[in-house]
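Please see the structure below; I have some questions.
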Amino acid sequence: MAGREKCAVFGVRSDKPVFESIYYALYSMQHRGQEAAGIATYNSGINLHRDEGLVCEVFKGVFLEGNAGVGHVRYSTSGSSDVENAQPLVINYAKGSFALAHNGNLVNTEELKHQMESRGSVFITTSDTEIIAQLIAQEHLRLGDFIEGVKQAVNQLKGSYSLVILKGDNIIAVRDPWAFKPLVLGKLDDSFYVASESCALDAVNAELVRDVRAGEIVVIGDTLQSYRTRKERKCHCMFEYVYFARPDSVIDGVSVYGVRRKLGEILAREAPAEADLVVAVPDSGITAAIGYSRASGILYGEGLIKNRYFGRTFILPKQAERDVGVRIKLNPIRSEIKGKKLVLVDDSIVRGTTVKRIINLLRDFGAAEVHVRVSCPPVKNPCYYGIDMQTPEEFIAQKKGVEDIRKEIGADSLAYNTIDSLVEAIGLPAENLCLACVNGSYPIKEEQLKLNV
Amino acid sequence: MAGREKCAVFGVRSDKPVFESIYYALYSMQHRGQEAAGIATYNSGINLHRDEGLVCEVFKGVFLEGNAGVGHVRYSTSGSSDVENAQPLVINYAKGSFALAHNGNLVNTEELKHQMESRGSVFITTSDTEIIAQLIAQEHLRLGDFIEGVKQAVNQLKGSYSLVILKGDNIIAVRDPWAFKPLVLGKLDDSFYVASESCALDAVNAELVRDVRAGEIVVIGDTLQSYRTRKERKCHCMFEYVYFARPDSVIDGVSVYGVRRKLGEILAREAPAEADLVVAVPDSGITAAIGYSRASGILYGEGLIKNRYFGRTFILPKQAERDVGVRIKLNPIRSEIKGKKLVLVDDSIVRGTTVKRIINLLRDFGAAEVHVRVSCPPVKNPCYYGIDMQTPEEFIAQKKGVEDIRKEIGADSLAYNTIDSLVEAIGLPAENLCLACVNGSYPIKEEQLKLNV
Amino acid sequence: MAGREKCAVFGVRSDKPVFESIYYALYSMQHRGQEAAGIATYNSGINLHRDEGLVCEVFKGVFLEGNAGVGHVRYSTSGSSDVENAQPLVINYAKGSFALAHNGNLVNTEELKHQMESRGSVFITTSDTEIIAQLIAQEHLRLGDFIEGVKQAVNQLKGSYSLVILKGDNIIAVRDPWAFKPLVLGKLDDSFYVASESCALDAVNAELVRDVRAGEIVVIGDTLQSYRTRKERKCHCMFEYVYFARPDSVIDGVSVYGVRRKLGEILAREAPAEADLVVAVPDSGITAAIGYSRASGILYGEGLIKNRYFGRTFILPKQAERDVGVRIKLNPIRSEIKGKKLVLVDDSIVRGTTVKRIINLLRDFGAAEVHVRVSCPPVKNPCYYGIDMQTPEEFIAQKKGVEDIRKEIGADSLAYNTIDSLVEAIGLPAENLCLACVNGSYPIKEEQLKLNV
Amino acid sequence: MAGREKCAVFGVRSDKPVFESIYYALYSMQHRGQEAAGIATYNSGINLHRDEGLVCEVFKGVFLEGNAGVGHVRYSTSGSSDVENAQPLVINYAKGSFALAHNGNLVNTEELKHQMESRGSVFITTSDTEIIAQLIAQEHLRLGDFIEGVKQAVNQLKGSYSLVILKGDNIIAVRDPWAFKPLVLGKLDDSFYVASESCALDAVNAELVRDVRAGEIVVIGDTLQSYRTRKERKCHCMFEYVYFARPDSVIDGVSVYGVRRKLGEILAREAPAEADLVVAVPDSGITAAIGYSRASGILYGEGLIKNRYFGRTFILPKQAERDVGVRIKLNPIRSEIKGKKLVLVDDSIVRGTTVKRIINLLRDFGAAEVHVRVSCPPVKNPCYYGIDMQTPEEFIAQKKGVEDIRKEIGADSLAYNTIDSLVEAIGLPAENLCLACVNGSYPIKEEQLKLNV
């Protein structure tokens, strides 16, 4: 899964300098990538600044001129952190130059690379992004028109891609025909925006106009134009709703917060528990826990406090001997849970080790019973479209049934939402969702093959 | 208010190396001070490491030998950030040396300094801590016994002080006779601990034995010994419960989380509102909001999402022109609040500017009504004991009544808890609480004078 | 002059890990580039680490496995410091991958880029290095053999290039047919080395075997093989001898130190001065000053002391108001120069401003006379092959004769070496030297045209 | 030898802001201390900034207001690098406050500390500087007059001390009665300066007025006043001339450069060698080598090139296996030394290991003979006054005679200057020099005792 990219993109064209807007927008999407950040603006030529680090670190003391620009934050995946894979990528060729930022993961990378290399292409980075950029350049050269080139280039891509391109002072936004990854269009006065998440539009005070459509190319120039690439079955990634996106974002017309709350409500209905208190694994389980509480009538409370300083900055002290476990990150509130029967709500279980430790901790602090409820159905299959999950062998749900998992993690009861419930909570037709990680039905057939090997 | 110290202290004596425990304990109390951190251990002599920065930054790659030690984190107050004020402070004198860490603020600093200077004392730092340390050394020299010296020294102090001292491999913990600041005693096997908050005991897996008592000196040596200094009216700082401490801590026998939840419950009873949803100003208003929801029966929901990357790392971009306001920190969830009548719960209102912006933001996102409910009674008076509040002129409640404040912040209704309700929520006798910031009744009379000037 | 590269390259193939050798070698050639450093090694695949900074900064805590590798240090030229231009560059294409490090500057960049872009090439960086790498890949694909590809690729290059390539665990070294830039071959036991300067061989304890020849391709594999590209007139850069290289290096069989000393000796013979003391502008004028002293019989002494902490680390203090001038860098020794007639020897004069300030300083400290002697003939023409000189308008010698320059800088007398003397000091045939910057005779005719425009 | 301080001090009083002057002055004295730097200025109160690092690192982005100020750079001695020992030290006491910077080392530290502690003093740092500052404060309090207090305080000090004190906007400079450490007075317009070395006066364009006298207190206020403390035999440290000071400084009326050159000249006369070339161990042996060459008539040349990037920044690469030795720092010029008989001049030999490696290196590069000549007589005794030499056991000259040392280091011949020659070169009466490290005659008798124990 080299070259995997899990990120956010942003683009804006305005009649005013755009650097500050891009900064705030990337800052608001920092949860989608903390490894690296980059901004390219156009001001007679392309200005580029990008580096490893958080947005506020990378752009300390930086300012780029220009009334149009694109930005990117990158997710930390181990190993491939070479700075040359940072984005946006700027490419120079016979027809000039452009900057490209990409969120997604191609599944025909090897095939494309092989084809392109056999035609003589060379690659300086190991990223999907360079493949896409070179394809666009080649097609532009072949066809003579940039938008036509983009169209023909992306028609060769399989997998997920939400792209923003800076060509001159125009912004071109592209969403793959499956619409795996979110991409929204926003507006404020005469400025137009594209962003991975609508929370970035809020950050720049812009209004959410609509989602970029599956297989759509939006060109933000003096006017706004829309083109279509090819048509596929829409397959929005359900994991954006369940875990990845910010709860205050709206994706494909659906409030992320609303989905999470409904997941909790349905769980309460489908998998009730006799309990005194609903508690969440913070922060990702909070909204579902609130939903569970509402629907079940069981009180909601904070049973676990998260250390707000945990995260990127935590470093194990020198000569540390003990297993730090979850204790340095989460601490139970004894008075709230002692002697209580708890419903513990989390968004998902992958390996099961963390939830096991949390249950132990809650029992240490006096919890009488711990009933685990999970918003997301059991995750069993790898994602090929950009969500960085474990390798299949690590999915506890692939090898064990629910009862065995319950025993393994030490819960008094365990229930997951069903796939139908998940679809109900999202409220979009099941055929318009990518549910591959929970049902193995991959929208692009190549993955099915990989899985059967 | 120079020399103000708002911090956490920690001490441990064990039969094993203590560095790692102190590291985790300080890490768990990082919310009490992000400016600087320090650890001193004893291992035939005193080893000291301290610097500006977060615990994980200051102690990257550091290890100090020793089976006894003390630690400190310091709060960021503007201006006085000179590194020489860092703690623990190590002092050398005719009877050897000791390390001292201090949480609190003396009110007779000037008087003590004047007396000591007139007796010939010189000061290298500008901190209260050096005054205390020198007094202890002087009294030790005068009386010949260290504990006797500590006793006589602290008897001259007025104000708040929770001290941990490392003298040889013994730990001495002292709490002022008013018991303004928290200080707890913990135990794990043969190790004994003192900490500002009980969450630090949880972090090192220790059991909370009891609070250090008002005016008590606890000596952790081969045996545990207890001494009394003088007696004063106990005056636990109510703001620790309302805002400052971690919710998972227990202070003077009272769960912080429980107090906050009850504050919300009482508010619901005393200041009901006709509303569709209870939302909190995250993170400090969450627990009270849950309480309000429980008692009122109005649904609790997350209406505002906090950017988890906001904080120490946020830096305004270069050439930033607009007022960033609360928008970069908090974002409303439109789907949750649109058209709704909201109860907005916060822990306190000081200047009123932030809550005003939040109300505006909520209305921008479609809130029909915003009823503000505040856990803490109106704050009108400065704190002289270590809580870094605004200057009196900045307290909106000092110049305006509730109705005027409501108009100023643009709320549909506004209510605070009463002082009686606050006392009820804490559950300790009113005379054992310091309520000076809300009722002007200062436990030490000097402050009363200052206020009348 | 975009894409200008003034650097050092290094390559080694051994039966032992090579990282440490490359580190020391780059460290010894740090004078050739302080902006960035990079190392690529081969160990079943290519490992790459590169970043901005000094060698010791970039490789702090880094180790790369592998028994073959190449390295690079880059000169600081303003503006083009984008990290994507860092070297070595790793390229992936249909026939695998290789790493390339380049010292030099092409003069047909635009033409090559135009041709390649018209054939569909795209470029991710703005460096000559990517052009060379892509050409090699294309020719390899076309011809099927890597070495043949290198040969055909470099035959299309005009300008200076000393290349080291890591292909599998083989090292390929290429020197342009003019042999502008130095490149030497070394050996220690079964390890073979290539380096920009022989001082790097000394640093790794290796023996200087010989220079890589003009237009030669040396392949260091299981055996050592040599190939020829095309033949041109050899044109070794004279400025390496005069200023750029370390004095302890030997280039094309000629000791740099020896050349500099002879330049001083000839100057003494050709441009004698009545003086009491010969002093140098440190560090670059020292060797010539010693030569001048020897040949003239006038005593050599240190008249100016250089602050050893000056350099990359010097930052003008905040709110600095005065012109720091040379004073913070150089300080005269009053006792040595007071009342003395001085010969001041420097390696070259470009704009004349620095030497003017030094003369003023010497007079302030009591020098009776200052006779300036310059090793290098007047520099009048720009370098297109990689030496970062001023733009032609800034050459004082282009607009003024020697007497006018003397007046301008305030010297009592001024003399330069003649071009003949320079050639004599180097000891190679004049036709085998590039003297373009002093005589305008460019080895590659395109430059002649540029100059006449 | 705890508390050892080897540093530079600077002070200035002007009618203009002084920060920039202090910055340049400290920068020019960076060779005296690279560990830490600090500046205190007076502007209604004392402003202080100090930290670990080079001057340019510590004061990046810093500016301190005020027309009077003092500065300090500190030498890196292993272990005692605690930031609380940084200077200037600011002290507060009944009569106000002052800042103190100190260069030197007291020999009665323990005695003073004991006396002061027995009178009740406590110490926050482990530095001599705090002892001096507290003594001054105590005497000021006792006597009522600051200058009188300084006089009485320093009269109790034994050892070396050059002090600059900032009291209000006055500068007080004090030099110990032995005048071990240099201290000069300078002037520019209406500004007065004190500095450890005269090169700092050059850096700020000031004129050297005179040395501060042994046992003198100079007060720079509205007028310049001078006071005397007690009288002792003047004992200027000879090592400042031989090695420690910058060659462009003038100390006690004697040019450092001149001394070094004469040391070489006398060596040539007293210890002639049959040789082809005189080479220096750079940088410290250069001036003496020039002198040797002049007096002997043997040519001077650079035989060893020093890597200009060696120093604080050099870090051994990860997993380094070999002994780096001198090779990474120094490289011989083969063409210059091959087959030659060399005179190798160094300033001093302490352990003998470095010169041994250099001789090996020179022989590896073809030197026919290596005759070592050393400016400084054999160093046999420790310094108690602030020069950080090895412990006595490490002095090769303490255990071995000249012939044995010659064999040990592998030289063809070896000669040192005699003590008489050293005195002759300096040109001051022998009784006015501290020669303890070479003749064991300590100016303060306590040291004699220590040595005999």
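Per-chain numbering from 1; labels A, B, C and D assigned in written order.
Simple rule for what comes next: contacts are C-beta pairs under 8 Å (C-beta built on N, C-alpha and C of every residue); 3 or more make two chains touch, one makes a residue touch a chain.
If you're wondering where the values come from, they're calculated on a predicted model, not measured in any experiment.
Enquirer: Among the chains, which has its CA centre at the largest distance from chain C's?
Expert: B
Enquirer: Based only on mean CA positions, could you tell me how far chain B sits from chain C in angstrom?
Expert: Their C-alpha centroids are separated by 61 Å.
Enquirer: When the C-alpha atoms of chain C and chain D are each averaged to a single point, how far apart are the two points in Å?
Expert: The computed centroid separation for chain C versus chain D comes out at 37 Å.
Enquirer: Determine the centre-to-centre distance between chain A and chain C, using the mean Cα coordinates as centres, and give it in whole Å.
Expert: One centre to the other, that is 48 Å.
Enquirer: Provide the list of chain D residues touching at least two other chains, using ranges where the numbers run on.
Expert: Answer for chain D, listing residues that touch two or more other chains: there are none.
Enquirer: Graph shape for the chains shown, where an edge means the two chains touch. Line, ring, star, complete, or other?
Expert: Here the contact pattern is a ring, one closed loop where every chain has two partners.
Enquirer: Using the touch definition from the top, list the residues of chain D that touch chain C in their complex.
Expert: 17, 19-20, 23-24, 27-28, 30-31, 34, 54-57, 59-63, 199, 202-203, 205, 246-248, 250, 255, 257-258, 261, 283, 286-287, 290, 293-294, 299-302, 305, 307-309, 311, 313-315, 317-322, 324, 327-328, 331-336
Enquirer: Quick one: in the complex, what on chain D touches chain B?
Expert: 48, 51, 82-84, 89-94, 114, 117-118, 120-126, 130, 133-134, 137-138, 141
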